[in-house]
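Structure provided below as structure tokens; questions to follow.
Which chain is which? They are A, B, C, D, E and F, in the order written, and residues in each are numbered from 1.
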């Protein structure tokens, strides 16, 4: 139940409340560049959603399997050279950016070639957007968010699993689609408006984006409101209870002990 | 042909002829200006009620917003080097609606900045009257709502030191969301509660709104869509969560719902063109209002709901292109 | 709903969705009985007065022609022959600009020699002795051939060659013939006077046309603001299969798709003709011409024209030879008043304004409406506020403001999405527009843009 | 410890690079799709930033458009001029060396020359006014509402006293005005010389009919044709043979021009008065 | 040679070389800067511990004397039905070994996003000694006032026997916290986290009294 | 090929005539995201400058080895490396700022500005020219960021770099430091720049 709530809230947050484009400003380039016509925007949105899901899968896999300290593959390799314990501490997260961008661009290229060969009709309608996506920040942003929720957490239980990661990516992509489709609808209407010359094109698009961001702020807090509404009353009471149900477990902290500040 | 040629002869006293495309006659009684005048007339009960309940606070907001709206419209239009068209009353309508949507306690610069933004970013930047995508008054209000969160937030409506009774209470929606207190439906209906100065009286909004719909200046589909959707969702919320003394009528009469449904959502420029589209638009506003009221951090969602639906209006238009007669 | 017509007579509701109710202003000329104009000094006959291919001149300059002699031959199938309304001498070929802006070659004939008195023609028309019983003597294709020979086209305004409409066809079976006497255009009264004064000719024509298309039912459709015409027709249709259908007074009731909807409750498919739903439709004036063309073998050389409006001294209904100039008609009606502002060929909703008084009357000219400044007054154009009044008015259920804006900002793709080609330019949207935008004119330019992109 | 981390990082990167390039290389062979080799070549020449700045969806669509639809070669904002030249080379487009192709307005009547002009109360655009009879008597001539002016991105055509006049100093010959004119009185003409003679009328009617609508219309009198071989008759209207015109014929053209009783022949182009 | 060139890998030799080089250099960078970054992360929290426990003034005095607190981090898992909640509990000792107090690091959903905060308690967990907001994205001008000293000071030196309660107008009741005007949700959220942390950990601190870091290594 | 601009010309071009933000609309994500204050804006500008200059020089050195179909891969690899270095350095020495900038530092990798300069200039020019081009472009980018940040921070907080500049009575426009303020400010400034350059070249509104 809790897991389900988590998934729903991650989805809602990524798609609407903290919309990738309107809240985090990622994917602005296509948001301005490819929002002139609704059908183009829909194609772009679908392509991004598709690629972002693939990228999320890849980045989650690579992060948990290779990059984080104690990841199975890297510690297996390291295990040949040094002791098991030392191998478990090998931290490759510094490579994450370069690995992500590498895998994104390769997978985009692969998917493009594949679709082009086997689904020419599909390629015509949305494949042409694929190469544009390599440089779309939204994809990398989703990977980074997943990384920070996998590698950057203090408590292992908080780390995201594949399901949460994919939800974030999928609904982040849907949120992007939502924003760009709304924007393209508005821009098609703006073609019939007497916009002052200096504001034509990108400037008015940005202003409209601002008003959209303003409107989307109305959703702030919907996630906590929903969580409250969805959590059964007894669970709320339990979480708030003064007495824990079970005895606390004591675990040694892995972090190195630091004496004082100025050491 | 002699007589004709006399008539035709240039410079004589004959009739001056002109040519024009068909049709050559038009319904000259119904003009854009009359629509705006209708809205002004329909606003009279609301303005009267706001002045009655909020006294000086209301007068101040109205004066500030109307003056600022007219001045900014004049300024921006002349910046574009166009003819200044204050006489079409649209700026005045925006000013009054904006003023009515502000709390009485807000300082003067809130109304002034809101008017400036409403006219600049909400209207003229899109090309002026008839071109704007978003309702200018709501753009202005949303801007100051976020900009001066502490002056416009739910809590800011209360001013214990206020000289008017209403202003020392909590707004009905905030009282409910914050502490689960339900205001009496009677007060909500007549408007003796705190809130934005024009939104308190359900009665006044109904009178003005029905006038607009009867005059066909506003399309009835939109308010019907909003109210029916809110009624359904509020009814469901009541059933599922237990009303806590807060019932469907509170949702209908409380907050800016009626004011928004009849006066802001019906802004023809920013709502869809076809009757079907208008109903969808209204229903969307209603649904978003309820989502925001029930779940979000804001006690009221009319403004955000209308802005959001304004944004999808082009898409609604696109997807509700009517089938011409004879099109299967 | 109707004065006389009861609901059972026809399946439709007597009305159609949307539409407008402009003041009909028919009082100017409704009371004026049709007067016959004496033969003019000359007539100018443009070679294209109908929809379709222009006709070829069959006379040479200086040739002498008799009254009713063919001067232009319609070579193509969709075309109509042209006959001289007067006897006289053909002058040098010339060009004229019609009221609808067409710039065309024309045949000019100077009146000379033995003339047929047009009064006799009118008398023949208004006679009550049109024999309905002889209708069955004509074979359907014979009727069609005779109509072709008489050069008859639709006299309601569109001027579609009538023989094409009444051509018996195996492919498209026709059940119903609708005779259009709605005359929904404000001001115009020519059809009204014709129905009142020559109902028997109309009924005879309707029976002939009905026989040509083998229609099972024939309705003469009249709006309920013309009780006297209805009465006259009821009298004339006694003991015949022809029924009078009374429909609501509403603009554009006389448009074919709207009338089919109102009377038969059928929808003519988009881009199709009424024949697609088994309906043939023709104007009352055309029916009278058919009666004469078939039974008297008389070509279409004269027609009834209303000269009406506040800008003319004495509004009249006139029986005039085709080819006479508009100026002469105005002259005959006492000339323009001081406050005349606009001369329109046709009615004020769909007619064409023109300024050259030498423009000739054509087969499709149903009237000349002269508006005063007050009548033609139109506020200054303001921005569209998307109020949707035009959407409520459009009888075709379109979104006129979108079409117009798409045309203004040259976006033919958008115009096509919104079905611009379904618009038949009735002008309802422009009539109601509170912002006084010339929607119809813009839509017309939009259609041209769409056509241009289609070509590419 | 550091060595280990560096080593493993290097191994990981190398491994990834090997895997990726192997898969992609395999895929590019396996999924190969035949395309016009010029498209490939143009694509190579383009930057590949896929920014969409050209108005197309990414570089490959632009490349296809260049090859298939003759899209202009200079649309890439990222690649700039160098890229445009490369693409032009591939396409074999000839950029320089041609005779300037400029619009000529075939009407010379200002307001006062137009007979039968009426007050017009409609949409103030030529395309719209062209649908109304009697805006002016002549059904061929310039309407003067300036559709061409708004079509011009270079501020090179203006309405002067009811007549469209090209500013040949600013004009780049894009042809937008030609497309905009509903009466088709603007045509693109090769300017072999800076200024060329032109018949400033489009009215195809006979002289008598022309005279009723315009004081400056060509009446087909053949006066110019008789004195100068620059001009020829096309049924009822005179035309200037601009393709063959060279500066040596100027005197002859002037002679024809002076003979015109209606003053409807003139020189146009740069430096033409 | 040609055979090699034609293979995919041969074509991509530069990519491979660069990947190798860049991978190595990045690992080098990480090796050089990694410890410093880790230290920054820890310092961010630890720096605040004396302030939260002792108050700004006492912490400054301690600092001036050149003394520091000995801080031992522990992870505590509290199971509450289906959910397990993790806290980081810092034990702070004076140099002489006496227990100075406890700091709990906790976080939860605020109005806009997660709020991460430190709650200081005295040695017996009988009093809340202070509060520090580590990370928040609340509405500027409204909710983000939770970081202001004046508001946070309301929690200092309050008994933990009764939970804190948010009120609009303080009536002088026990452990009443003035809500930030217009940001009741943020105020309530923070108060809720403090109450939870206190109630969850108050009974547990005794178990950690002996842990001095070395003991649990 | 036409005359290639010299190093100085390229440097000057980047600052105003070809300003990456206002004229080329490149790299808008960070432009919007980090301009709610002067400090993050300047930090971001410096990071971009560092990455751009390093990447340009490296690519320029490698320019003769580049294969057409692999060049983009090499660009991204190089850029990603330098971005990682910048990110780590910031985390080590400006920890608070690195936290504030969050994911926007790694997102420099996909900043079109850098790929664009690598493609247009660095892959064809000598290291010196490439470096001056990069410097000019980064200055232009920095200027744009600073101009937006100045407006937003001043209106949003009443001061710059955290120092109060406007009178204390100034009501802070909180919206300016929030996402909508970013969009609106950039949109209006862009309009202003367009208007100014149109006026300079004699156009009208």
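Keep in mind that, in the parts below, a residue touches a chain if its C-beta (ideal position, glycine included) is under 8 Å from a C-beta of that chain, and two chains touch if they have at least 3 such contacts.
Please read these numbers as outputs of a predicted model, since none were measured by experiment.
> So, comparing C-alpha centroids, which chain is the farthest one from chain C?
Here the answer is chain E, farthest from chain C.
> Work out the mean Cα position per chain and let me know which chain is farthest from chain D.
So the farthest one, by centre of C-alpha atoms, is E.
> Taking each chain's centre as the average of its Cα atoms, which is closest to the average over all protein Cα atoms shown?
B
> Give me the two chains with the most inter-chain contact pairs.
B-C
> Measuring from the mean C-alpha position of chain D to the mean C-alpha position of chain F, what distance in angstrom results?
38
> Suppose each chain is reduced to the average of its Cα coordinates; what separation in Å results between chain B and chain D?
From the centre of chain B to the centre of chain D is 47 Å.
> Would you kindly tell me how far, in whole Å, the mean C-alpha position of chain F lies from that of chain C?
69
> Where the centres are mean C-alpha positions, what is the separation of chain B from chain F, in Å?
41
> Check each residue of chain A and list the ones that touch at least two other chains.
Residues 29, 91-92, 94-95, 98, 102, 134-135, 188, 196, 199, 204, 207, 210-212, 214, 217, 220-221, 224 of chain A each touch two or more of the other chains.
> Would you give the residues of chain E that are in contact with at least 2 other chains, written as numbers and ranges?
Expected reply: 11-12, 15, 19, 22-23, 26-27, 29-30, 34, 111, 139-142, 185.
> Please set out, as single numbers or ranges, the residues of chain F touching at least two other chains.
72-73, 77, 80-81, 84, 88, 112, 115, 172, 174-175, 178, 180, 184, 188, 191, 204-205
> What residues on chain B touch chain F, complex-wise?
79-81, 107, 109, 113, 121, 125, 143, 146-149, 151
> Give the list of chain E residues in touch with chain F in this complex.
That would be residues 11-12, 14-15, 18-19, 22, 25-26, 29-30, 33-34, 36-37, 40-41, 44, 135, 139-142 of chain E.
> Going by the contact rule at the top, pick out the chain D residues touching chain C in the complex.
That would be residues 116, 118, 121-123, 125, 127-128, 130-134, 137, 139, 182, 205-206, 209 of chain D.
> Residue numbers of chain E touching chain B in their complex, please.
Residues in contact with chain B: 111, 139-142, 168, 181-185.
> Which of the residues in chain A end up touching chain C in this complex?
Spelled out, the residues of chain A in touch with chain C are 188, 191-192.
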